[in-house]
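After this come two complexes, each holding chain A, first together with chain B and then together with chain C.
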Partner chain A sequence: MIKLEQVGYVYMQGGPFEKTALNNVSLTINRGEFIGLIGHTGSGKSTLIQMLNGLLKPTSGKIFIDGKELNSKDTDMRQIRFDVGLVMQYPEYQLFEETVAKDIAFGPTNMGLSPEEIEERVKFAANMVGLKPALLDKSPFDLSGGQKRRVAIAGVLAMEPKVLILDEPTAGLDPAGRDEILFKIKDMHERMDMTVILVSHSMEDIAKLADRILVMNQGEVAMFDRTDAVFRRGEELTRMGLNVPQITRITDSLRKQGVPIREGIYTVEDALNELAPLLRQEGARLC
Partner chain B sequence: MLKDITLGQYFPGNTVVHRLDPRAKILLVLAYIVFVFSIKNFVGYALLAAFTLACIFISQVPIRFVLKGLKPIVVFIVITGLFNLFLTDGEPIFTWWIFTVTKEGVGFAAFMILRLFFLILGTSLLTLTTSPIALTDGLEQLLSPFKKIGLPAHELAMMMTIALRFIPTLMEETDKIIKAQSARGADFESGNILRRAKAMVPILIPLFISAFRRADELATAMECRCYRGGENRTRLRELKLGKVDLGGVLAFLLLGIAVFGLNFWLGPSVGVR
Partner chain C sequence: MHTDIITISQLCFQYHNEETGLDIPVLQGIDLTVKKGEFLAVLGHNGSGKSTLAKHLNAILTPTSGKVLVEGIDTADEKRLYDIRQRVGMVFQNPDNQMVANIVEEDVAFAPENLGVPRDEIRKRVDAALESVGMTKFKQHAPHMLSGGQKQRIAIAGVLAMQPDILVLDEPTAMLDPSGRKEIMQAIKRLNREQGMTVVLITHYMDEAVQADRVVVIDHGTIRMEGTPQAVFPKVKELKGLGLDTPQATELIYLLNQKGANLNPEILDSETCVAELLRNIEINR
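Coming up: the complex of A and B.
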């Protein structure tokens, strides 16, 4: 589905402020996968995702989406942007239309769809992110921060991309808003069979959602493996300025103290399943 | 693409020209402009050229940087030159169709070109060797005597400083918004002028909104730190006049005497009014 071959990116190549953002990145992401992308600030995450829909051209290497090579003459780059939907950081600042419905329709309109189809997609996308139909005729600037962000995400979803990339979609939201948006993303991933790449600094969110985790460190791929396998390498992650989910830290230190508990626990549910029998054994009633 | 635009073309350095007090430098450039427009013969311009070149040489700013400041007004200079060349009355030396070139016209055109040329050269040397912050600082102090007649000198300087400080921020913001809208398939490159202008709307509206939001936030942040204008305000870097400034003033004094002396001794060249 998505294939990168020795991709590199250098900012201001040849100039005095030359800076390598990505170095020799090769990886493959399959259709329908949910990828968590983590890395410290400046590790090349944002550069990487901006190359996947052609906003940035790699300075070396090749990128393929569905077998089509990006930035080659035969590829329609606008079509690629519709196939690979990118929700940038703080996307609510890109809203501009008079009404929520018109703003969500911006993408589909650019695709040249028929008015009926556009209307249908707007309704569908708004419903997907949990926006009430009554809000569609309001000005996006009258909404709360969380609702604005949903409008922005719906604006990308309405293009019905095959791949959805989200750059920290929950930054600056309250816990309830965060959980709901993440739940909606998971829901869309499952219902629409969409490939999702989620950039986040929250290890808990990544642990809950991702099938595989891509760890970037100083412009290179440090790890790309199944979620449990990545979180088993907690020490390495810490050295990169990252971490494992809190619950993993708890279970790891319990194991160090002699509690017979398995490795690679990264969600609270897993920990509960693992710990409950242990506690029952000792005879105490739970709660 | 947008990051390549540099505004306030400051070329850092630590030469005598850089170290001049910004107040002195602004006043000296004003004097320089007066000289440029009062010179009446070509010998005077030769002297001025030598002086300007010496200043550029001392400042260690590469000459192509200084000349880059001329680029945007080359067309303007050429047009001014042509108008003066053809439209000045006097002793004709050359006629073709409806165009007549006069002796006075040649002289006057050459003078106008020289004046504009040196005007730009002198002022760009000022902005090249003075950081925007020092420039606004100097301007504020120079304007402060006018506070008595109600000129808000401090506020003006503050506005300039803030405007300069936010240019890179807004550039970055624009870049981000362009990317976000391109990701939704916005097309800024094709179509006629009207379509392209319409395509700018999705960029301009978010940009304006964010600029207003930033202004609001900045105002709040300043009030939180009890900012209340220039009254009784002390500064981190006090401007002090020193030997360098005295030297600069003396050099300009000599230049002035020479320029006006030459005007007096040699009289005006042909065509100069």
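Coming up: the complex of A and C.
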């Protein structure tokens, strides 16, 4: 679905403030995959996602979306932007229309769809993110922070992108708001057969959702592997200024001290299943 | 940590919705005292009323009924507004909204300048404030070139330059990345421990509340839980019911105990969690 061949990006190339943001990135993401993208601030992850829908052009290398090469003469970049939906950080600041429905309709209207089709898509997208129909006629500025964010996500969904990229979609939300958005994203991924790239600082969130994790460090791909395999490399992640979930730190530490517990545990449920038998033996002895 | 510095009694606040003509209650009978030198975390989900409570601490809002006393001064007394604002410094979520000058030290000097503090004194206060948040070497920098965590530390320094007795922070890390969040928490803890600053931290991040002396959990404008982090966070089910999290370490111990283990539930971090598990696994080796 997405293929990068030796992609590089240099900001202000040739100028005195020249800065390499991405260096020689090659990778392939398959259709329908759920990718977690992590890396500390300045690792190149934002540059990378902005390239995927053509907001930035690579200064070297090639990017293919669904077999089409980005920024080549034969590719309709407008279509690419409809195919690759990008939900930026704090997307609620980009709401501007009089009503929620009009705001969600902005993308599909630009696609030149019929009014019936647009209405259909607005309803579908609103439902998908869990916005009640009664909210559609309200001003987006009268909604709560979590609701506004869902409106912004619905606006991108209404274009029915093949790839959905979300940059920190839960930043600033409380735990309940966060879980709700993450659940909706997972639900969309499964029901709409979308390829999803989720950028997050929260290892706990990524651990819950991603099939594979892409770790960026200093403009390069540091790791790109299955979730459990990535969290097995906790020490390397720590050296890159990243965390592993607390539960992984606990199970890693136990194993180092001789407790027979497997590697690559990254959810509380997994840890519970591993540890419960070890402790229950004790209970049996005490009885 | 013996004298009460803030006393809140039966605080109710409601606002009037013009459209529906109804009064919406936000705070419904809050009783709370903050001790001098204490680090208090107020935890609650969005819409719980925690920010409204924070705004009562320096008279941005005043009670519909009930009383808020700051060092004995009634916040509803308009004549004492400056006294209250000088005693209680507020830091908000978005550092960009709190910057007023183009140079870091000028930004920090903004409040004392407006208070008419003499020039030499301003210099001293600005230097001390920047030192307290570890930003001295950035004093000649432009704020917009700094990271989010650095900007927020400048915002804290700007408040410190007023020499408040109490620092109230309303979700100061919500817009920061993990390293920025760490910077702010370190700065807050240092101010509290080394300078005895009374700190009220409004947050929905449990990993921040865990670091406080005491936690108050707010829901629907009432206090639902209160105590040390060790006492509050093991109540996993109750917290989840209020839309809040517990540390994974605490949750793991809680779930193991649900399955019949007999572990100390008052565990918040990975080190004590590992030690507690080892103690109980080793017995049967």
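Definition applied: the second predicted complex is superposed on the first by the 283 of 287 C-alpha atoms of A that agree within 3 Å, B and C clash if a C-alpha of one lies under 4 Å from a C-alpha of the other, contacts with A are read in each partner's own complex, and residues count from 1 in each chain.
In this section, contacts are C-beta pairs under 8 Å (C-beta built on N, C-alpha and C of every residue); 3 or more make two chains touch, one makes a residue touch a chain.
Remember, it's a predicted structure, so these values are computed and weren't measured experimentally.
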Open item on the list: Which partner chains sit in contact with A:Val230 here, chain B, chain C, both or neither? Use first/second/both/neither.
Closed with: neither
Open item on the list: Quick check on the superposed pair: does A:Arg78 touch chain B, chain C, both, or neither? Answer first, second, both or neither.
Closed with: first
Task: Between chain B and chain C, more extensive residue contact with chain A - done: C
- [ ] Pick one for A:Val268: touches chain B only (first), chain C only (second), both, or neither.
- [x] second
- [ ] Could you say whether A:Pro245 touches chain B, chain C, both of them, or neither, answering first, second, both or neither?
- [x] second
Open item on the list: In the overlaid three-chain picture, which partner chain does A:Tyr93 touch, first (chain B) or second (chain C), both, or neither?
Closed with: first
Open item on the list: From the superposed pair, tell me which chain A residues show up as contacts to chain B and also as contacts to chain C.
Closed with: none
Task: Touching residues (chain side chain C, partner chain A) in the complex - done: 45-47, 93, 147, 171, 174-175, 177-180, 204, 206, 243-245, 247-249, 251-252, 255-256, 259-263, 270-271, 273-274, 277-278, 280-281, 283-284
Task: Contacting residues of chain A [partner chain C, same complex] - done: 40-41, 90, 144-146, 171-177, 201, 204, 241, 243, 245-247, 249-250, 253-254, 257, 259, 268, 271-272, 275-276, 278-283, 285
Open item on the list: Quick check: in the complex, which residue numbers of chain B touch chain A?
Closed with: 176-177, 179-187, 201-202, 205-206, 209-210
Task: chain A residues within the chain B interface of the complex - done: 50, 53, 55, 78, 81-82, 85-86, 88, 91, 93-96, 106-107, 110-111, 141, 155-156, 159
